[in-house]
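Chain nomenclature is as follows: A, B, C and D, assigned in order of appearance, with residue numbering initiated at 1 for each chain independently.
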Amino acid sequence: MPPLIVPALLVALAAAVILVAPLLLDTYLVNILVRACFVAIAAITVDIMWGYCGTLTFGQSAFFGIGAYALAIMFTEYGFGTWQIFAAIGAAVAVAAAVAAFTGWLSFYPGSTPLYASVISLVVPIVLVQILYSGGTFTGSSSGLVGFESFDLEIETWLRLAGLGLLATAVLALVVMRSDTGRLLSALRDNDSRCTYLGIDTSRLRIVVLVLSAIVSALAGFFYAGFGAVAAPENASFAFGTNLVIMVALGGRGTVIGPVIGALCIEVASAYLANSLPYVWELIVGLALIIVILVFPDGLLGAVMRLVKRGRSAVATTILQPAIAATAVSNPDAVAIEVRALGKHYGSLAVLDGVQFTAYRGELLSLVGPNGAGKTTLIRCLSDGRERSTGNVAIAGHDIARLPPDRVVRFGLGRKFQTASVFETLTVAECLRVARTHADPPALTSRSATLALPPAAMSVVERSGLGERLDEEARNLSHGLKQALELAMVLSLEPDVLLLDEPTAGLTRAERQGFADILTTLARRDRLCILLVEHDLDFVREISSRIIVLHQGRLALDGSVDEVVNSELVREIYTGQHVSHAEVPA
Amino acid sequence: MNSRLLTTSLALALAATTLSPAFAADPIKIGVPVGLSGANSVVAPSVVQSAELAVEEINAKGGVLGRKLELEVADDASGAAGAQKAFDALIFQKKVNVLISMETSAARNAGLPIVARGKTPYIYTSFYEGKSCSPYLYVNAWVPDQQVPPIVDYFNKEKKAKNYFLIGSDYAFGRGMLAFTKMYIEKTGGKVVGEEYLPMDGSDWTSIISKLKASGADALITSTAGGAPNVTLTKQLRAAGVSLPYGNLAVDEGTAKGMGADAAGIYLSASYVTGIDTPANKTFLASMAKKFGAELKTPNDLSVPQYEAVYAYKAAVEKAGSTDQDKVLKALAEVSVDGPRGTIKMDKQRHAPLTMYLGQVQPDGSVKVIQSFKDVDPGAQCPGKS
Amino acid sequence: MSTMLEVKELASGYGSSEVISNVGFALAKAETLAIVGKNGMGKTSLLKAILGFLPAWRGSVRLAGKDVTRVAPHLKRKMGLVYVPQEHALFQDLSVRDNLRLGLLSDKDIDARFEQVGGWFPVLTKRLGQRAGTLSGGEQKMLIVARALMAKPGVLLLDEVTEGLQPSVVDRLSEVLVRVRREIGTSMIVVEQHLPFALSISDRYLVFKRGEIVDAANVDTDAAARIDEHMRI
Amino acid sequence: MLTVALDAVTTAAMLFIIAAGLLIVFGVMKIINFAHAAFLTVGAYAALVGAHLNLPWFLVLPLAFVAGALCGGVTEIVIVRRLYKRPLDAILATWGLGIVLGQLITLMFGREVQFVQAPISGTVHLFGADYSAYRLVMIVAAVILGLLFTGLLNGTRLGLSTKAVIMNEMLAQGLGVDSSRVRLITFALGSGLAALSGALITPLSSVDPNMGVPWLIGAFMLVMVSGGSLLALAGSCAVLGTLQVLVSTFVNPILGGLTIAICAAIVLRIRPEGFARA
């Protein structure tokens, strides 16, 4: 494939440089570079966690330290030998993975904030270092472990191995991050809750990424200690973790190459400068960090790439194709939503109380009511099992119990948010591909050139004009197109039940008409049950098959379009004309 | 086996550079990896100063074997990671002939494998917890076996202390010192009623002090990290009204002075105090004062061994007749130096017998010598090797 | 009559979509203008653009003769422009008294103002210490309006104040607004769905549709019918 | 037992004093100020300078406060203001500032550990035990600080504006509150408080360029757990401070030092809103 020739040449060139370099450099620089390479590998893991997944982590140093200490403890206690090497690697991987899994469990749960995850990542190295300090001769306390026999390699060989290891890690990271899987991680960073409502278990995904990056970091630490024949508490410390973040920030987050450059430059420069000017050196690093964060948030490489990219348009083109049709609807009139005695309270304040209704497939049900009536709250309670205070909800016959949205979505529910919720830095095609994660697991190392969509999503894409802009970033779309994109994403889930919160707000007349057509087709032809929150009574009247009126947290009316539109209650609510309360059905 | 292969190949590589024909004008380089930043940054400047004085004095008298001495100072950030870089830089970049330095145990330990790779003699000039053993390492400062007995013996005898409470920072030095102290107390018939540690950067000693007060101890011995932990512990002890006999294994004169009234009454044990009444010490202090004037950092138990170690290296090179590393390493055990601390010879498993002083901090911050113990043996620090 | 507020060829929007286009009108002292139209037509956005929460893309806003198009919202408030938002208009966790205090820029004239506003909404004077969130829906609306009136506003922008209210409360509000206009000389813009209320207190009306003014006229007996015509299409 | 109780109360008081400044910044701006430790250090050095000038103690404290508030004000204008929309970047930029301040202090004052004499020394006989007088002063200081704060927040116009900005910034702006001014004042106040706390703890602590860092994590965790409420902060300081003392006393002090961080992390995992509204 011709497009791969240039990267392949670059990699080959880099490999050649790494193999030749040790012959040209003096021993001191080679020493520094070996360490710098291992540090750079750890920096790549920080970049993946932060630049791609959006979690600012200070804790990768802990895993680095775990790797270093696994080697040091094993070689100190049992001597150096083949089985010890494998046992040490095994221990490094196992312990790092276990600690990462626990950290991940603490950091990532439905509703956790990025700030909280950052704070946890701070605590991990601090706790680990205290454990190392109090470990006595087993961990060597503050002095660390030294004096064990380690790998016997020439320093030039070390540099070649470390350099190739770094190159391999960087290439692997780049390939994966640019693959469909990598785009899924970016989607996670852009909009976690949208991912959740696309049926993706974001917490688990984040934990998996953390565990993998922890393992890589631990291996880097393992060889770092193997090279220096020292494991020290600093290798696991919060300060080192912060340094890794600084390297990534300066180099350019989310670029893999930037952090590598950042790590190598800082390590080498500090080796030459910090020995003689420790305080001034740190001052420079601190100032550089502030300036880069303020002026070049995407780091130096990011700034350069922006300059280079300017004027160059995306070259990739994505080809649409229909997805293999899902199994035909078995029972086109089945119960789609069943709500029983639903209540939602904040303390003593009841936002929803005793709401009860049933909706069937093929229905286009509108939910109306004044602001503050609880419409959006009701939508939330239908799609997230943990929201409601009392009552039961079943989607397509499945009780949603206390399940999080990503599980409810798998019962066949799709929810479109009020404000267009898409993945801003992803292209249209990538957004849709993320939405298809459940059906087409994303490729780990490659990017698909085709995009398979179910008919409903396909028709939205084609009718809205998104089809011509598949390779454009979502943030460049108009408001209306973003709304259409989000709808197409939700429809890519092939839902049985579609929840829409004011989908037409801010749309032009033509867009609105297009929306109406799409929705009616979905209900009639594809037998979806659509529940629509809408302000515009005319729009509601035009497309609904049934209307539910919510007033002050209670279900005030449930009937056909004519019944509701002409009811006294609706006129009272919407125009202020007085009606006696006796007429209001309970 | 394999490591030998590595070292020989490295040595060959080095031989090509370091053993190239040396002109008499070529200076002899002394590497000083030291904690310019981090925990040791407070005391490091005084260490560098005393090394500078020694070099200046020696150069003024014609150098060593007709060659000038030159100092190469590098920051080890007081820790292992920084030490690796500093040792790498000194040994492989600056290609120094010898390393002479006061460092944390972490930094020393991290440097040792690099020292071995470079086959460079290394004179360690900081007191430490003992038992560091490497063919390249010489130590001219005290170890617990030398420092602790004066205090404990004095407390046993003069203060009739039976029950000791030990407080330390949780790191190699703190734990190592107190482990020996505990062993020694129990050997001499006393009892340790409490032993508590705080993390190295900890500064809130509240609950430990409460435990101390509740323990019924009649003497206290502490071994914290230098600087902040030591200061905060002393201040908080005084604030809590603790007035037991208080032996501090980590305090030096300068710190005691800075702490003001809070330090008064503390017992310390050292191989050097400024008040040593010998001509050598007086000359040394005068030279320091003359050279550095207002910039002078008070000489102390860490900087004086550094000064003497430079002279020890000079003597060893002269005895060996060259800077050849094997010969110098052998000679270091055989030469003795007359310095501010008296005559010092590193002939006990590469450690040195030292005269120890038991002192007490006075209200004005000065240290009054109560007793001195001549040529205390360092004990077996490197058993099985000579 | 002097012009209090003058909007000229104003356009604004979100992201890349223009929500209001080419809007222009003038509001005289002590005049009340109703802006009617269906939901989602950009009425609230117009108020936000006048206030400066939405940046003006084109056009200008003048307040009492001064160009305030680029002036920050909090400074416009200091110039006498007061806004009553439709949603999230109360500090639920603050007391009624604190909510009212926030209607003034300083605590200096607070007692005198409490007295006048309390006279208009007697029910609030009994609940000064209560948390605003614990008031009934109608009381909350009254509090929101009362807070706006604390300032003796020169220009008052009311966004859907009647939504979800009992008719008795609506009546009370229109009564107060008429008095305010008479006693303080406040100019008002009322954005409303509730036509009878809007027309009962306004001198003129604008019909808003898809971000543009499609009709503007004085309120007369036929106004309701004409507006109805627009709303239906 | 009594000593343990006093230890717990005084520890809680010190934690409260140190975390209060961080809390108001977090409460109003929803960003974590990583330069808090550096501002605390600035305060301690201000106290040191004051002591060298032989200023009386009651003047040293305002001096420290002003020094911190000035640093904070400049920081808000130059750095923080641009990062409200990027809270994670604000963490990094303030961390960078912390590094810079630490090094500047080092270059100006040297790295030596320095000392400030306690204005009140010795012990007080209390309920049958001798207890450090200055530690008891910390209780008083914490109470005064808490009251001043509550008074400021609930009794003044500024406090009202601040609460309004916290609850609904847009509405507050519409009511004429200059929210950027409120933020500037808040940040300066928070930084001033950090410095004040630095000056207050110097008699029990040493003054060195890194003195603030060990306090930082505990303070963060307390603020996270408190979710921006002063009352909740007082509560969490009491609960977690007591736990810390108990673990230090009855288990071991090393674990004690980790108690706050670990407990807070677990509390937040189980109850993401922390102790706020508990």
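Observations on the structure shown:
Operating definition for what follows: a residue touches a chain if its C-beta (ideal position, glycine included) is under 8 Å from a C-beta of that chain, and two chains touch if they have at least 3 such contacts.
As the structure is a computational prediction, the values presented were derived from the model and not from experiment.
The minimum number of touch steps separating chain C from chain D is 1.
On a Cα centroid basis, the chain most remote from chain B in this structure is C. In whole angstrom, the spacing between the mean C-alpha positions of chain A and chain B is 53. Centre to centre, using the average C-alpha position, chain B and chain D are separated by 38 Å. Inter-chain centre distance (chain B to chain C, centres taken as mean C-alpha positions): 78 Å. Taking each chain's centre as the average of its CA atoms, chain A and chain C sit 42 Å apart. In chain C, no residue touches two or more other chains.
Chain A has residues 130, 133-134, 279, 282 in contact with two or more other chains. Counting only residues that touch two or more partner chains, chain D has 254, 257.
The chain pairs satisfying the stated touch condition come to A-B, A-C, A-D, B-D, C-D. Chain C makes touch with chain A in their complex at residues 14-17, 19, 38-40, 86-87, 133, 137, 160, 162-165, 167, 170, 193-197, 210. Those residues of chain B lying in contact with chain A across their complex are 2-3, 5-6, 9-10, 13, 36-37, 73-75, 77, 79-82, 84-86, 88-89, 92-93, 104-106, 108-110, 112-113, 170-173, 175, 197, 199-200. Interface residues of chain D, counted against chain A in their complex, comprise 32, 79, 82-83, 86-89, 91-93, 95-100, 102-104, 106-107, 217, 220-221, 224, 254, 257-258, 261-262, 265-266, 268-269, 272. Interface residues of chain A facing chain B in the complex, by the touch rule stated above, are 26-29, 31-32, 35, 130, 133-134, 136, 140-144, 146-147, 149, 152-155, 228-230, 232-235, 240, 270-271, 274-276, 278-279, 282.
Per the touch definition, chain D reaches chain B in the complex via residues 3-4, 7, 10-11, 14, 111-115, 117-118, 121-123, 130-135, 203-206, 208, 210-211, 213-214, 245, 248-249, 252-254, 256-257.
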